[in-house]
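In the two complexes below, subunit A is the common chain; its partner is subunit B in one and subunit C in the other.
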Partner chain A sequence: MSLEHVDDYPEIPVSLASTRTMLKTGAWRSVRPVLTERTAPCTTGCPAGLGVPAYLDDITAGRLDRAFLSLTARNPFPRITGRVCPHLCEDGCNLPIRTGDAAVSIRSIERWLGDQTADVAHPQPNPPTGKHVAVVGSGPAGLSAAYYLRRSGHEVTVYERRAEAGGVLRYGIPDYRLPAPIVASEVARLRNMGIDIRTGVALGADVTLADLEATHAAVFIATGAWQERPLEIDGAELLESGLAFLESVNQGEARVPGPHCAVIGAGNTAMDVARVLRRLGADVTVLYRRTAAEMPAIREEYEEALGDGVTFEWLTNPTAIDKNPAGLTVTVETMRLGEPDESGRRRPIPTGETRDVRFDGVFAATGETADLSPFPPFMQTRAGNLDVRPDGATRDPLVFVGGDLATGPATVIDAIVAGRRAARAIDHQLGFDARWPMDELSEPVAAAETNPTYITRRARTDSPPVATVDPFDEETRTLTTGEVLGEIERCMSCGHCNACRTCFVFCPDGAITWDEGPVIDHEFCKGCGICVVECPGHAMILINEREVSHA
Partner chain B sequence: MRWAVPEAEFMDPGTLGCQGCGGALSMRMVLKEVGDDAAAVLPACCWSIIDGPWPLHSLNIPVLHTAFETAAVVATGIKAAKRHQGKDTTVIAWAGDGGTFDIGLQALSGAAERNEDILYVCYDNEAYMNTGIQRSSATPVGTWTTTTPDERPEPRPKKDIMAIMAAHRIPYAATATSAYPDDLARKVRTAVAARGGMRFLHVLSACPPGWKMPADQAIEAMRRAVLSKVFPLYELRNGRDLTITVWPDREVAIEEYFELQGRFAPLEHEPQTVEQIRSDVAERWQALVDRHERTMALAGA
Partner chain C sequence: MRERLLLTGNHAAAYGAMLSRAEVISAYPITPQTMIVELLSELTASGRLDAEFITVESEHSAMAACVGASAAGARAYTATSGQGLALMHEMLHWAVGARLPIVLTNVSRAMAPGWSIWSDQSDILSQRDVGWMMVFAETVQEAQDFVLWMYRVSEQVYLPGMVGMDAFILSHTAEPLIVHDQEAADAYLPPFEPIYDLDPAEPRAYGGLVNRDHYFELRYKIYESMERAGSLLREAGEEFGEVLGRRYTPLEGYLLDDAEYVVVSAGAMTSNVRQAVRDLRDRGVKVGLLRVIAFRPFPITEVRSLLGGRRKVAVLDRNMSPGHSGIFAEEVRSALFGQPDAPPVYGYVVGIGGRDVRVETVVDVVDDLTVREEPEMALYVGVKGLPIGPLRRDSQITRLQPLEVQP
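The block that comes next holds the complex of A and B.
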């Protein structure tokens, strides 16, 4: 056979059609991957249930408006919580469990987002409902309720006893942790939404509950817990109130009794009092009847107090105070720890051993209680507490309460949650049932489901301390945009697709295409499950085909 | 992490690769970088099947199926014809480990020695998978295959194909795996850019049925091969200058690689083999590190 011309060669079979036309390998599959939105453990850790990974994703993608909206849907004040929140979200983070790395510094990112969007106006309220709601107290609970009630379209008037709005944010927490101008600008933003905030009006003195009920469709009361719990010891009248001291400091009138000061108690108020005194030049000893393990202060506050040079005397219980020409003599008794009490913390037990210590001034900060005098007896329980349902409803159908008033001293974010929850309850009560969907969170993504291989492993970046001239200037700074983007790269984005493309990259069948997010071509996906296993945050899950075909 | 892997696809879905096929993924990733000005030569191997049955095929480039031992020489011929036509098409010889380490070695050695202008990719799944998991000279010591059953697992260490290619002094050779897509992509780009001579890529490719593991573990297995240093990722220029491209960022014991795969079950009863492998792996890694450092010193780094 001659093979000189192409026609001399034998014919060979040639495949010209794509496998795509006829080879539907999706038929091989018994399980199918589906993209879902699952709850992250940081989200369940946050008392407000903030959808953390979703807004981190928005930040990375440059959608700050959307990040701000999704955050403020559950917390109107990221600038504030981004500074002072005890960040339970970070305690829930899967990263330490999965890798041993430190948690993502969510609070610092929240602070950055809050500062970046400080000038963004809040959304326009819903159309007017014609209902007018009164809010008493302008702490985080009152302001949060006012915000959500206003967004719902109600007319809102806030009545505040003090000269400025903000509650503990303005008059309790010192400026080096939360500068007053930040609180003022958040209040101004609320006023721009049409919220009427009237300061210098005290419930009980200037208006009564009955007055408010007569002129409003509902009343939300969040007057906080401002009464110092009295210490029942000899010479208690010689003590200064820690909270009153902070209030005067926040009004620019700090008065230090002398160079040697003591603070009784180890909660947040005690830490702030001690640190302020240090900043004003005094040496400070915290007297606490239990130990560091039982102290109620937020851990970081304690560490910062240590950093400021505050001395702690553990298992030390003041039993008497006496005045003498050289100052105050405090008699303290040494305690030991016994069995846990009803709070779960070990109970301090007296040992009978006492000694005397000398100070120029002693501050009491052993916990605050609420003033219930504006409430008629029928609203109170026999034990003398307000009778409150979880959504803030009381025995008076027109009156809702929340925040520290209802719970005793808690946190800013707890107060914000209480305000939002009460706003929803009031909205329902006023006849708008459908528009607030229930937002219960589902079971969070477990650490074992995540895949940390593709995230950036680097040290955590937190809002760092800065050197300041004035000891009341803010002690830390907001992260830079670059630092925030770097920190977000550490996040596995548990349960939320942040368009990292890992599934697209690894699909051996090219069965995933991209249209803003992954689109799985079920005609061809063989159900190998690689995308599900490699997805860093396990936002992809496998479901049995039987559930699909017999659904 | 944001991937540097191109969006364009040159492999259509509907391939006949098994669920989780590492060989299919290797092809998909390599073609993303090579593009469609290319032709592929497939000797007998799983990929003869994966591309699809007549009259279908999945790759968006011409494919020529050829005899088991001939990948390198057929690619050489096609390249010569393309050159004759005045075209600069990248011609890929795409062969399995059997077609490379064993039966195709003669043709491969000839093409390498002549420094043919082809891109030879060995997708290595460490046995003859297409015919039902028979051992090859790429099968690691201690492995179960149908021809090295549990009672008599593979007795010989894996052949060092990269050393053989280095001995040919070809311009570019590299190891890669699709568990490290950015590294693989960069090596393919380097290989394509080094046109004019012979380029060789040794791509470890998991085979879930042959490795006896769940399909969804394919990427993890390849990743652990690299992290445990059983399959180090490096590149070799002119057979001499060696640079390690992926330095394991965490310790993974060889046992963590083995335990994912049923094919290594015989090792459970052979602690002395495991120790032998451990010292071989450490010794080979150290030799690579030494060569890497020598390369850096020569480059004045």
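The block that comes next holds the complex of A and C.
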């Protein structure tokens, strides 16, 4: 525009072009805002290190395929963990610290994503490597290892001793928490990747370790911990195994000894046994020698058991079991709490006070151990445990192990991580790149760095309980899409830009333009840092200009 | 619905803002203005007025908030007085340069120190050269109506407008007030269309650096708009009569036709001048009144035609520009200068710091005018111990002490 005549002028002193083109005020800057990808506390909380804010962002943007891919790069089974994971991710959430609001319901979102992508095929494996790897056991560790080994391009055969694949997912976790058809469909999806899953083949009985080593480039063993730890009390032979009971129920062969049942122990298996018995119509009393504060069960499962009407007898230690004409008599001793033991929990100390209680059946669920009989003695330590490195390697260079077999009873996600870690180690062992992410996570975004001012504040939405006719139908439902999107709005997206536009709105100079995400015009940005302060998840940081120019 | 109420000038001003449908009100309390924004905050809180009421920590911020609101396209209103108006000064300039049609009611009070809350025109006239339109209300009705009148013209010429009214004499005095029907007020004052939309999609600098090669032209357009405002004030005053039943003009004459002597006055003291003129007419003195309503833009042509050929003109100033004269006198003198029929102009400084300007005071002024032979820049009326007259000459005041030079 020419300004040769007064009539050419605007009425007010306004820049005739966008100010960015005129004023190179970036030269004033001593610090610059930079968009970064930082670790969220939910990610560090997750044993698998899942980048939660990133896949939540993908969901909001409608990129479900990408969300599925980024999730399955670390955990192939969101449908399963979305139902049974103890969601340690949520424990790390900055939202409660910053606002007092409940944590974002990440597990419910993961479940929704899992269900939405239930029919999405897993990615094509890499080109064949010519290597054949055996996986023994088809629980979460075995299936996870099989998945990653297959994606690496190896030929994979899974050996499962039972009739159906899934291990603890199929035979341990009750249907109302994890329906069998979901496990079956996940197994089917793995078969579609070209994974050969052979059921009815038991290690030791049908095939030996030596056989497998002779025909495969590597063997991964994850046969779980299925042996009930023996209870050394009089009449222990009258006890029923909690794990075996769950297994029979999951095969549709439930047999309840009578209307009054007891469960000894207060771990996660004990909770499942107690709840299943309740659902089959029995009165259930959990006998535990310590108190609720020391119980190993995940809090949520304990609360669900309470909700089902399970009775808990604390400081109650069974010392003997005997038959009576109508059923069983359990002699219990009242305990008191002493000093903490090596696990950090207060030790139960006998008081000498005993009483007799009558039940129709008593189930033991005081812990499970692994069957190590298929392993030759050289692979075991003097104490009788397998000698295992963190990546699953053993004293036999061809053999890797993982899951409950190696660690004792742990969570599904721990087993999935063990499978991925072993797949990576096997890749490496076979001369390939270690392909599956096991990177060290950096320090997560601290609560004090976040800014909850502009996020949507509303009550947390969890997968809600539903009324069912069959007590073994799934007890909760998957959130609706609307509920999920609403729940994601609560997330501050720590360390990940989810294109919320807060920086764009607050930049006082209009130095931020938008191209799917913020684009900082460094010719113009004066480095005031307002974007960094306003960014809800602190996905922007200020760096010194000197660091940039010297970089 | 049109209502007739008994209200103070302050409450009338608030009604003026309400009838104007002000959308953003930002103000800081100061005596004797506080009642205006008190009532507006009540009207806003009750929902009777659909506006954002922004409380601030100073008058500077109050005007800054109005500037922002107006730039964003809202009709903005504020009210202040005395020291508050002085504190706003920088932002008053901003409103002009940014061409923002903000309307402000200033309840005129004397400047401190000594601390004073009483009527005096020094505060508003100190803002003479900023570039705001200025009108002076005489009645409670005008305190209300002039707010609408200012918006009507401001939004045509994109210059802000100030309504001056006198502390207490008008601000706290109740008179019958016709509160116009809102629909009629709407018909008079259509919604505000900003000169430029602020558009986040296309960020631009507003009010940024303008070099020597452009500033003059931008100012020239302001001067031109202020000139245009003169005729628009007249047209909008006529429209006010047609739509709302009360006609307003930049100047108002009373018993002027055959007047040999004319008293020029502005603001609420004019009512007493009117009475004095009547009384003096009864005595056979051929005197009339010229009331200045619009001070900026100053109605130079009409002043010339209405005062040309008179025998003498007395200008009453409730203000004083030290080292010169009362400011209205200065303006009138300047308008008449060089006119072949220009009458002599006698400046009278009256009522400084809220001292009463009674009917008798005006009669004394006219008596002095009729006998005084030489026009004076400023004649002081009612200073204790002194007759009406100019400042004491050198011989009458203490001289500078000679310096004691050390050998």
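What we mean here is this: the second predicted complex is superposed on the first by the 524 of 551 C-alpha atoms of A that agree within 3 Å, B and C clash if a C-alpha of one lies under 4 Å from a C-alpha of the other, contacts with A are read in each partner's own complex, and residues count from 1 in each chain.
FYI, a contact is a pair of C-beta atoms (placed from the backbone, for glycine too) under 8 Å apart; a residue touches a chain by one contact, two chains touch by 3 or more.
Every value quoted in this text rests on a predicted model; they were computed, and no experiment measured them.
**Q** Once the two complexes are aligned on chain A, which partner has more residues of subunit A within touching range, subunit B or subunit C?
**A** B
**Q** First (subunit B), second (subunit C), both or neither: which does A:9 touch?
**A** A:9 sits against subunit C, while subunit B stays out of touch.
**Q** Touch test for A:155: subunit B only (first), subunit C only (second), both, or neither?
**A** Neither partner.
**Q** Considering only touches as defined above, state whether A:510 meets subunit B (first), subunit C (second), both or neither.
**A** Both partners, subunit B and subunit C.
**Q** By the touch definition at the top of the document, which applies to A:457: first (subunit B), second (subunit C), both, or neither?
**A** A:457 sits against subunit B, while subunit C stays out of touch.
**Q** Of the partners subunit B and subunit C, which touch A:501 in the superposed model: first, second, both, neither?
**A** A:501: touches subunit B, not subunit C.
**Q** Looking at subunit A, which of its residues have contacts with both subunit B and subunit C?
**A** 13-15, 17-20, 22-23, 509-510
**Q** Under the touch definition given earlier, write down the residues of subunit C that touch subunit A in their complex.
**A** It is residues 97-99, 158, 195-196, 200, 202-208, 210, 213-214, 217-218, 220-221 of subunit C that touch subunit A.
**Q** In their complex, what parts of subunit A are in touch with subunit C?
**A** 3, 6, 9-15, 17-20, 22-23, 509-510
**Q** For subunit A, which residues are in contact with subunit B within the complex?
**A** It comes out as residues 13-25, 28, 453-457, 489, 500-502, 505-511, 514, 521, 523-524, 526-530, 532-534, 536.
**Q** In their shared complex, at which residues does subunit B touch subunit A?
**A** 1-3, 5, 7, 9, 11-22, 24-25, 28, 51-52, 54-58, 63, 178, 181, 208, 214-220, 223, 249
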